[in-house]
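Please go over the structures that come below.
One chain, chain A, links the two complexes that follow: it is found with chain B in the first and with chain C in the second.
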Partner chain A sequence: MSSALLLQSLILGILLGGLYALLASGLTLYFGVMRVVMIAHSAFLILAGYLAWFFTVQTGLDPMISLLITVPLFFGIGVLMQRLLITRLKPASLTMMSVLLTFAIALVIEGMLGFTFTGVQRRIRLDYGASSIEVLGAQVAVVKLVAFGLAALALGSLWFVLKKTSFGQALRATIQHKEAAELVGIDTAKVASYGFGLGLATAAVGGTALALDATIYPSLHWHWIGPLMAIIVVGGLGSIPGAAVAAMLLGVTQSLLQVPLGTTWAQTVFYVALFVTLMVRPQGFFGGRLAQRF
Partner chain B sequence: MRNASETTRAAAPAAERTAGNRAARPPLLRDPRRLVGVGLLVALAVVVLVFPMTTSVGYLLSTGVVILNYALMATGWNFMGGFTGYISLGHAAYFGLGAYAVAILIDRTGMSPFLALALAPLVVVVIAIPVGVAALRVRGASFVIVTIAFVLILLLVAQSWASLTGGSTGLMVPRAFQGLMRTEHHQVFYYIYVAALVLALLVWWRIDRSRFGMGLKAVREDEDKARALGVPTFRAKLIAFAWSAFFTGLAGALYALWFGDLDPVFQFSILMGAYMVLMALLGGVRELFGPLLGAIVVGLAIEFFKAEFGDTQFHLVATGLLLALVVLFMPEGVIPAVKGLFARFGPQASSIREVSAQQLLDGTQDAPDDDAPVAPGGVGRVR
Partner chain C sequence: MSARRLTRSRARGAAVVAGAALLLTACSSGGGGGAEEEGDDDGPIRIGISLPLTGDFSEPGKGVQNGYEIWRDEINEAGGLLGRQVELVILDDQSNADRVVADYEALITQEEVDLIFGPFSSRLVLPSARVAEEYGMLFVEPAGAAEDIFAAGYRNLFYAAPAVADTHYDYLFDHLMSLPDGERPETASFASMDDPLAMGAANGLKAKLEEAGVEILVDEIYPPNTTDFSGIAAQLAEADADLLVGGTQYQDGVNMILAVRQLGYQPRMAAFTTAPTLPEFVEAIGADKVDGIMTPNGYSPAAEYEGNANFVEMVMEKEGREPTEDEANAYTVGQVVTAAVEAVGCAEQGDCQTELVDWLHENEVATIVGDLRWDEAGRPNGAHFIQQYVDGSPEIVLPEDQATAEFIAVKPEW
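After this line comes the complex of A and B, so read on.
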């Protein structure tokens, strides 16, 4: 492998890892606040991609403007989903049943997308779609950089909200110890539903970023959910920094392995990492005490 | 929260003595509830066995085989999901492995299809055990994630390792029975499936009544407590996992011989795993015949949808909605719900049964009648 090719894959891997990190942190939020593994996360991702595509086709504007609609919309859907569906499940079997419930939601979304937009593969045409710029001697498509910028911006805002606002503090307290958070006066039910909305909002941003430079089709979400699930287990369920680090590492590894192995086999790196993690350190490499029990 | 009767069903210590319990129960003819149960079972057996003789329409027969296939898979799934409460969304992996094992064994070694059919579920178990060792180190959500990941891996492998699996074009499986007409072929496989299903139900029933099964159900109710009480939880879960993979693999192996053509996207489909969960949950995971009932209901619905609306995305929406409804409103399944309905109109059983320490020591406490005189100072035991 030549060094230019190596550098190219490395940069592409980092750009891909950014998107993975954003999406995995959304998954981590759901798990943190509700102990819910949200299988439908990637289905919402594809839904956001379709909405961005539809927006651009209808209005001719840049797909990123659709974020003004999809982010609040997805936040609202997330809050409603938590309030109306997740809280209905019995606490004793919440984790298992929520997996099934969100799986069902994923099926419905996939089916409705296929129903409304047909199974035809869609792609957004952009003026800057074909252009690329040189970064450290490697050719990188502008859309990939834009997508990464979007993901990094969203991840940065998420970090800011969690670390610097009082809502973020309440949210982190709810994640760490729900009862204790209630004792100091936090309305954990409300915070949990907002946390859920926040998680779903990451899917809105991620979906738009994905739609910028990828072809989308309704069943695409199965290709995303596996890697994302692997990332949050490797990172340790419930740990946002863990998810981000694991996302970056695995994204870069996948990108580097694509050159010698091809795209299909390179994807197995996520699953290999998943099984190695379970054998060596079941609670995840950066994870807290939560992971093994849920 | 679960109610008390459910938790104690797993924790009741007298399960090994159920044989004695049975002897103490009133004779079959005088117990209306058991009579209804046995009657339903006989009726079901007659309908299942007679059905293929009443028709020679190929479509109906093949629908029957498909539903039996679902029933065998869902019952296989229930060895893990029902006993231990570990919900696997990726059991399609073992279905696909069973099918591919038959195809590859016949293709590579030229062995008889029947030998391949016998070996394939064992091959599946051999593959499932290391997966189980990894997956069972974690609980709940992580376990589900691993099971889903395993299907996705196998799909990748089946599509990419073309020299072994035929890649995306799949594999053809030679016919096991030469010279049979199409309908006769369906009929033969129908009865083979019935035999396999009966075997699976018998093993499930046997485990359900054994001490080993008690341990598994204790894991379902509270794994930490079960472990503290001395249940070898990891080994028990692994054995249940292996049985589960065995019967699901058997279903896959039979399917390969019956259908004769393997497509990786169908064999390793997450949707198929979701069907198994849906069927078992709908019928009731704690019931012997729950998955079978669920398979009949859901299987008929699936076939109806396919016949009526063709291969549209609509069946995804329908499956999703049905799964969501079951999870939200009937997570215990239809059979317990119906039983509960009957129990409400039947004679009220008292919720507390009293047993004296002496009775416990004698081992005669198994079935004191609810209205039997109670020894003073008897030990209360929740039923």
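After this line comes the complex of A and C, so read on.
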């Protein structure tokens, strides 16, 4: 591998890792707040992608402007979903049953997308879709940079909300110890539903970032949920910084391995990491203390 | 909850998530569907078809369905097949190779259909061809061009299109070799989906180019679920070959083109399978960026073949646009089976199927993609056109006697 290709792959890996981090952050949040395994997260990503595409086709404006609509919309859907569906599950079997429930939701979203927009594969055409800037001899695509920026911005905001607001404090308290949080007067039911809404709001941003540089179609979410689940397990369930670090590491590793091993084997890095994590450190490599701190 | 219990519950959660992740990547489809109708010998001729109406191939699957339905409507309006109305029994295989086998078994044994038509995509034709062979059914299929299918040696299988995958680029190869030194590409890069059709066409061209002394710089195979092409593009850009060939379906073709453009790779020639034949391709890439992109195409709405003008008119009327290759190939299946059934004079399971198979082996059928004749394994004898984008619209450039525009030897920058 030449040094130019190495640098190019490294840069692509970092950009990819940033996107993975954003896409996985919501997933780990749901689990952290209420032990929900949200299979439908990637379906919501694709839904947001479709809404961004539809918005651009209808208005001719930049797809990122659609975030003004989709972020509050997804937050609302998240709150309602938690209030109306997730809370009906029995606490004892919540984690298992949430897999079934959200699996069904994923199928409904996929079906509705196919029904509404047909199965035609869509791509948002952007004037800057193929432009790139040169950094140290490597080409950095503008759309990937924008997606990375969105990821950084969204994760930064998430960090700010969780760390610097009283709602964030309440949410972290709920993540760390629900009963104790209740004892000090936190309405954990409300906090949990807002937490779920927050997770879904990240899906709005993530789906839009994804759609900037990908062709989308209704069944695409199945390709995403596996790697994303692997990322949050490696990162430690419930830990957002853990997910971010794991996403970055796996993204860069995948990108670098692609040259010597080929695309097929490079993809397996997620599952190898998943197996190793479960064997060596089932609570995740970056969970535990990190998760408590966030 | 103590800290230790918290850790344990997190670990258990991890196991559930991990299990779910593995399960989901393995089964990317679920649910069910089917049709239950009674049939008898004096009623309509019932034709069993399994199609990928949902899942990864849903779009081409619907195109094939549309082509079959147009054929059915036309034949029923004209009084039916052997004087009997035609009825299609269509099941959804969800783009899943296991389902397609179960579907055809159910169609033949439970539905007791009189005839079967093939599904879409080589990946689904391959397992279903075996089922058809086991039950001795005539199996004319619209979309299984990969060599693997013919290598199995099924005598009842016929591919209703002009040419098999390996030969799709033959006109292009011949043309490239006829170019003077300096214009002829000296290096080529290949990136193909791990799919029999997509890979078949690219590999056919690659073998010929290698033999002719063209240096192959990159030869990458990626799995069908690949959506990020930046890593592959980085290798293609670094190699900077004269000719770029993508063994693509749809989304991978579009994503690959955007990814190499982002890295500033400007090949002198570029060819991709399938993706450039679809109308949404131009929309995704941009009309000013597609010029010079080549693709093998088995069908041209402009071609003057048996019934083609009529077929184009019917699709225009129904859909308000020209037919796609998938629709054309499906309609061709109908034409081929019609010819056999009318010549032999029967349409039912049993000995009739053998007679139909024998007839097709001995005769030539005039279709909208040309006059077709098959070898013992069902390979058609024709060749694919080479289509190229000229001023933002698809034109046939090779062979020269069917060309609607002149071949662009040096692709404009994209």
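Keep in mind that, in the parts below, the second predicted complex is superposed on the first by the 288 of 294 C-alpha atoms of A that agree within 3 Å, B and C clash if a C-alpha of one lies under 4 Å from a C-alpha of the other, contacts with A are read in each partner's own complex, and residues count from 1 in each chain.
What we mean here is this: a contact is a pair of C-beta atoms (placed from the backbone, for glycine too) under 8 Å apart; a residue touches a chain by one contact, two chains touch by 3 or more.
All values reported here derive from a predicted model rather than from experimental measurement.
After superposition onto chain A, the modelled positions of chain B and chain C overlap sterically.
In the superposition on chain A, A:I133 makes contact with neither chain B nor chain C.
With both structures placed on the common chain, the touch criterion links A:L153 to neither chain B nor chain C. When the two complexes are overlaid on their common chain A, residue A:I65 makes contact with neither chain B nor chain C. Looking at the superposed arrangement, the partner reaching more residues of chain A, out of chain B and chain C, is C. In the overlay built on the shared chain, the residue A:Q258 is in contact with chain C alone; chain B does not reach it.
Contacts of A:L101 after superposition: chain B is touched, whereas chain C is not reached.
Using the contact criterion defined above for the overlaid structures, shared-chain residue A:K144 touches chain C, although it does not reach chain B. Touch criterion met: A:A92 reaches chain B, while chain C stays clear of it. Within the superposed three-chain model, A:G114 lies in touch with chain B and with chain C [touch as defined at top]. Look at A:A214: by the touch rule set out above, it reaches chain C but stays clear of chain B.
In the superposition on the C-alpha atoms of chain A, the part of chain A touched by chain B in one complex and by chain C in the other spans residues 31, 35, 37, 39, 95-96, 99, 103, 107, 114, 119, 218, 222, 225-226, 229-230, 232-233, 237, 262, 264, 267, 271, 274, 278, 282. Those residues of chain A whose C-beta lies close enough to touch chain B in the complex are 31, 35, 37, 39, 85, 88-93, 95-97, 99-101, 103-108, 110-115, 119, 218, 222, 225-226, 229-230, 232-233, 237, 262, 264-265, 267-268, 270-271, 274-275, 278-279, 282, 291-294.
By the touch criterion stated above, chain B contacts chain A in their complex at residues 1-2, 85, 87, 89, 133-135, 137-142, 144-146, 148-150, 152-153, 156-157, 159-160, 270-271, 274, 277, 281, 312-321, 323-324, 327-328, 331. Listed in rising order, the residues of chain A touching chain C in the complex are 2, 4-5, 8-9, 12, 15-16, 31, 35, 37, 39, 95-96, 99, 103, 107, 114, 118-123, 125, 129-132, 139, 141-144, 177-179, 213-215, 217-220, 222-223, 225-226, 229-230, 232-233, 236-238, 254-255, 258-259, 262-264, 266-267, 271, 274, 277-278, 282-284, 287-288. Looking at the complex, you find that chain C touches chain A at residues 1, 6-7, 9-18, 20-22, 24-25, 28-31, 54-56, 58-59, 62, 194, 220-223, 225-228, 230-232, 234-235, 237-238, 250-251, 254-255, 258-259, 261-264, 280, 283-286, 289, 414.
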